[in-house]
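Below are the structure tokens for one structure; questions will follow.
Read from first to last, the chains carry the letters A, B and C; within each, the first residue is number 1.
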Amino acid sequence: MASFIIRRILLLPVTLLGLTFLIFFFTSFLSPYQLLSAYVQDPRQLQGGNVEKLIDKYGLRENFMIRYGKWLGQISHGNLGWSLSLNEPVSVVIEQRFPATLELTIYAIIPVIFVGIWLGVVASVHHNGVIDQILRVFALLGYSIPAFVLGLLILFIFYGVLGWLPPGRLDQWAQMIFFSKNFHHYTGLATIDALLNGNIPIFLDALKHLISPILTLSYLSWAGLLRITRSSMLESLGQDYIRTARAKGLSEKMIVNKHARRNALIPATTVAGLMFIGMLGGVIITETIFNYPGIGSFAAQAATQFDYAGILGVALVYGLVTIIGNLIVDISYAMIDPRVRLG
Amino acid sequence: MANENMLLQVKNLHTIFHTEDGTVEAIGGVDFEVKEGETLGIVGESGCGKSVTSLSVMRLLPKGIGEIPQGEVIYKGKNLLKLPEKEMRKIRGKEIAMIFQEPMTALNPVYTVGDQLVEMVELHLGMNKKEAYDYAIKMFEKVGIPMPEKRIYSYPHELSGGLRQRAMIAMMMSCNPSLLIADEPTTALDVTIQAQVLDLMRALLKEYNSSLIMITHDLGVIAEMAERVAVMYAGRIVEYADIIPLFKKPSHPYTVGLMRSIPRPDVEVDRLDSIKGVVPDLFHMPKGCRFNTRCPYTTDKCFEEEPPLFEVEPGHFSRCWRYAEMEELSKHWESGE
Amino acid sequence: MMEGFLKILKKIAKNPTSLAGLLLVLFFVIVAIFAPIIAHPEYPDTPYQMPQSGWSSIPQPPSWQNPFGTSEGQYDIYYGIIWGTRTAFKIGIVVIGLALIIGLFVGTMAAYFGGWIDEVLMRITDIFLAFPFLVGVIVIITMLGPGLTHVMWALVLFYWMGYARLIRGSVLEVKENDYVMAGRALGTPGYKIITRHILPNAIFPIIIQVSMDMATIPLTAAALSFLGLGSPVGYADWGQLVSFSRNWIISSSGGNPFAYWYTITFPSLAIILYAMGWNLLGDALRDIFDPRMLV
């Protein structure tokens, strides 16, 4: 097991290199002038006749491999350029906004993984029963309502009509406290930091703002995970080893919860990984709908405002998170399925 | 017929399957008995109802698909078919255990073989984890698995086919069952390993004084293991006899055909005789005798009426209209192409 | 072929949800085909441009002239939905068609030739797959600039991998079959084996996937239009219609948000029914073609 994880971690740098290559490859569409923003740390650098000098300095007219090498040098020093859309260095933007997105994604995915799998098991055990049918409709709706429609409908009902769940990350008053000097930012996650600071009102306020985006972001994943768990449970329940378990006199509960579920978790894990990556894309839409200040809304803003440095920075963060996500999936895969671990 | 050492009596067992294309009868009226410490062989080609019989006895037919509309399975005086599911679970594994053909798929790939044995003795023998693991090592040792204290932590895919089947046997014998049902236990194994596994089973059965129902398509295995034999064809028992009378005086053409399919070193033949054709599928059973599509000795009667079980001699039964002539007829076996 | 088609239709008709899916899809197909009759364009040269009945920014409720009301900027919602159906089909067919061609090429090459060709092609596929779909698409659109054509290119660029893998898998499966082996042994040329034997056998999983993607792809494009990266303002597009409604239905200005219900209801309904139709149809096809999933 340990050697499996070590092997996977040793592979990380290779994957990372491939990823940066792909991202930088996309910049081939851009002129040196457009690309320059990805290197500048402050717009004042561009004053006077400095533009040409900087283009030479960063080798933006050189061939692709040289440009790529110099760019790698820049990003490895944490210089991601200047965001035109927010007028801040991209690294600062990411540092400020990443925790917000992380908070949203974590709260969205964890219940899905635990409750979604459980519901899928329930549906398979009561195959074609009432619960199964209800969950089926629920899953079908999940597939058919795109996030931007669902988000707007939720916003319409719970904010427009009922006024309960406002957009944004925190109310005005809460922001004043949250960004004040006395408030310690241990994790960057508003809910956790509020609890650690002992500030319950802020915790509740943060929660109130999180509910709608979480629902929007996770509905599709609920549907997906439920469906795959259900069908792989049904498949697993038809296997020979289940017959053996029955022949051993094990109870139905043991058979479902131990023998069938563990095997059904293997495909479910793959799907959960895909869901997570899908969610990373989904935050772009969700955060935009709810004015939630995270990486996703930044990506949408950067894209509409030709903020090349911003979008490259976002792409890097996304790539990194995806790779880590895949690593976690691989490791959980190996924990569930001994055949992978040793293969 | 309340015999004192009678362990299992199956009477007039019928099993039907509800499929998408309609309901079919997989077994139509099967009777057999197993005495304490005795081995019954059930032999026949695949698709003739052997496995369904064993699953019916264990009540392990697929839920909602397989059903037993009539018949009795009397085990130690109790009709298993009338038992509540909870009671039946105490029978499975503890009283009647079962070994399957393909140990690769019959063992759960994501748990160690030790764990799969341990959960069973925890359940039936009430041991705690520690005792159960020690017991598992003992059982593995008993079935001849080398380095048992290490092997109990192996996953099924890490063991060879022979070791997997040994682990399966260790598991199924772990609760000292009175009856073991083995469904083609050696078919998936190499010939040499086959012999070892059969020897092992025989030794264990003797030690525990357990009975065995050996299900196989291989008369050679039957000859080695069984004391009594039921030959099944298309959901019926077509011949039922002690082992020696059966081999000496086979009284059903299907049995004769099966015996001719065994390669014999002492007789030189150009090629192996085999029975032409295949078992008819359940949706298209012929009228009359079910073997009439493949039988070389058919008469008009065979196509009109299904024969009952005739008693050839005491304790030897055959479901053939021409059972009396079989000895003479079998000298001229016309195998198909 | 015709017989098989009828058999599939019969099976679909037996299951009410499958039938509903098929009917929904047929409905949208008819709407797309007859769009010029159902919603007569005011400017025949630019039929995708939604007609405006004024310049006021405030949406107007349904009336005789605008059966579904008007959105902000007085665009006719009814017209937008009808022609938006065409937009959806256009995007779906073009993007899936192109992705399928790339996928077919890469997948068959990789599986048929195997060896290092397979290795190289599959690693490239993996790199593209290592990127969240929507993020990749947005990066490309940023580089190319917004617009429907760029959106389609970006979608193709990040969508061919699924098909490539699917086709590679199917080809690998069929490749081992006796008739393919026999063909190879007899010296039948490679392209003939591929078109005669391999592709017809790989076609069913592709059909299922295409049906699902006919929902996913146009909706992704609509989402991008919603973000302001897709179609230009006034282009008949469901995503744009939905984005028009945003400011009115949350009505922070104190008005009654229900007053503008029609701005969100009709476009959402079109989107949901469209997606549901394809998803149900895809499910039905899967049940028919892949008995393993029939549960």
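One rule holds in what follows: a residue touches a chain if its C-beta (ideal position, glycine included) is under 8 Å from a C-beta of that chain, and two chains touch if they have at least 3 such contacts.
Note that the coordinates shown come from a computational prediction; the quantities given were computed from them, not determined experimentally.
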Chain whose average C-alpha position is farthest from chain C's own: B
Dominant interface by contact count, named by its two chains: A-C
Between chain B and chain C, centroid-to-centroid distance (C-alpha), Å: 55
Inter-chain centre distance, chain A versus chain C - centres from mean C-alpha coordinates, in Å: 24
For chain B, residues that touch 2 or more chains besides their own: none
Touch list for chain A against partner chain C, complex: 15, 18-19, 22-23, 26-27, 29-30, 127, 140-141, 143-149, 152-153, 155-156, 159-161, 167, 230-231, 234-235, 277-278, 280-282, 284-285, 288-289, 299-300, 302-304, 306-308, 311-312, 314-315, 318-319, 322-323, 326
Parts of chain A lying in touch with chain B, wherever the complex brings them together: 238-241, 243-251, 254, 258-259, 262-263, 266, 336-339, 342
Interface residues, chain C side, partner chain A - complex: 127-128, 130-135, 138-146, 215, 219-220, 222-223, 226-229, 239, 242-243, 245-246, 249-251, 257-258, 264, 268, 271-272, 275-276, 279-280, 292-293, 295
Footprint of chain A on chain B - complex, ascending: 58, 60, 62, 89-94, 97-98, 100, 102, 105-112, 119-120, 123-124, 155, 157-158, 171-172
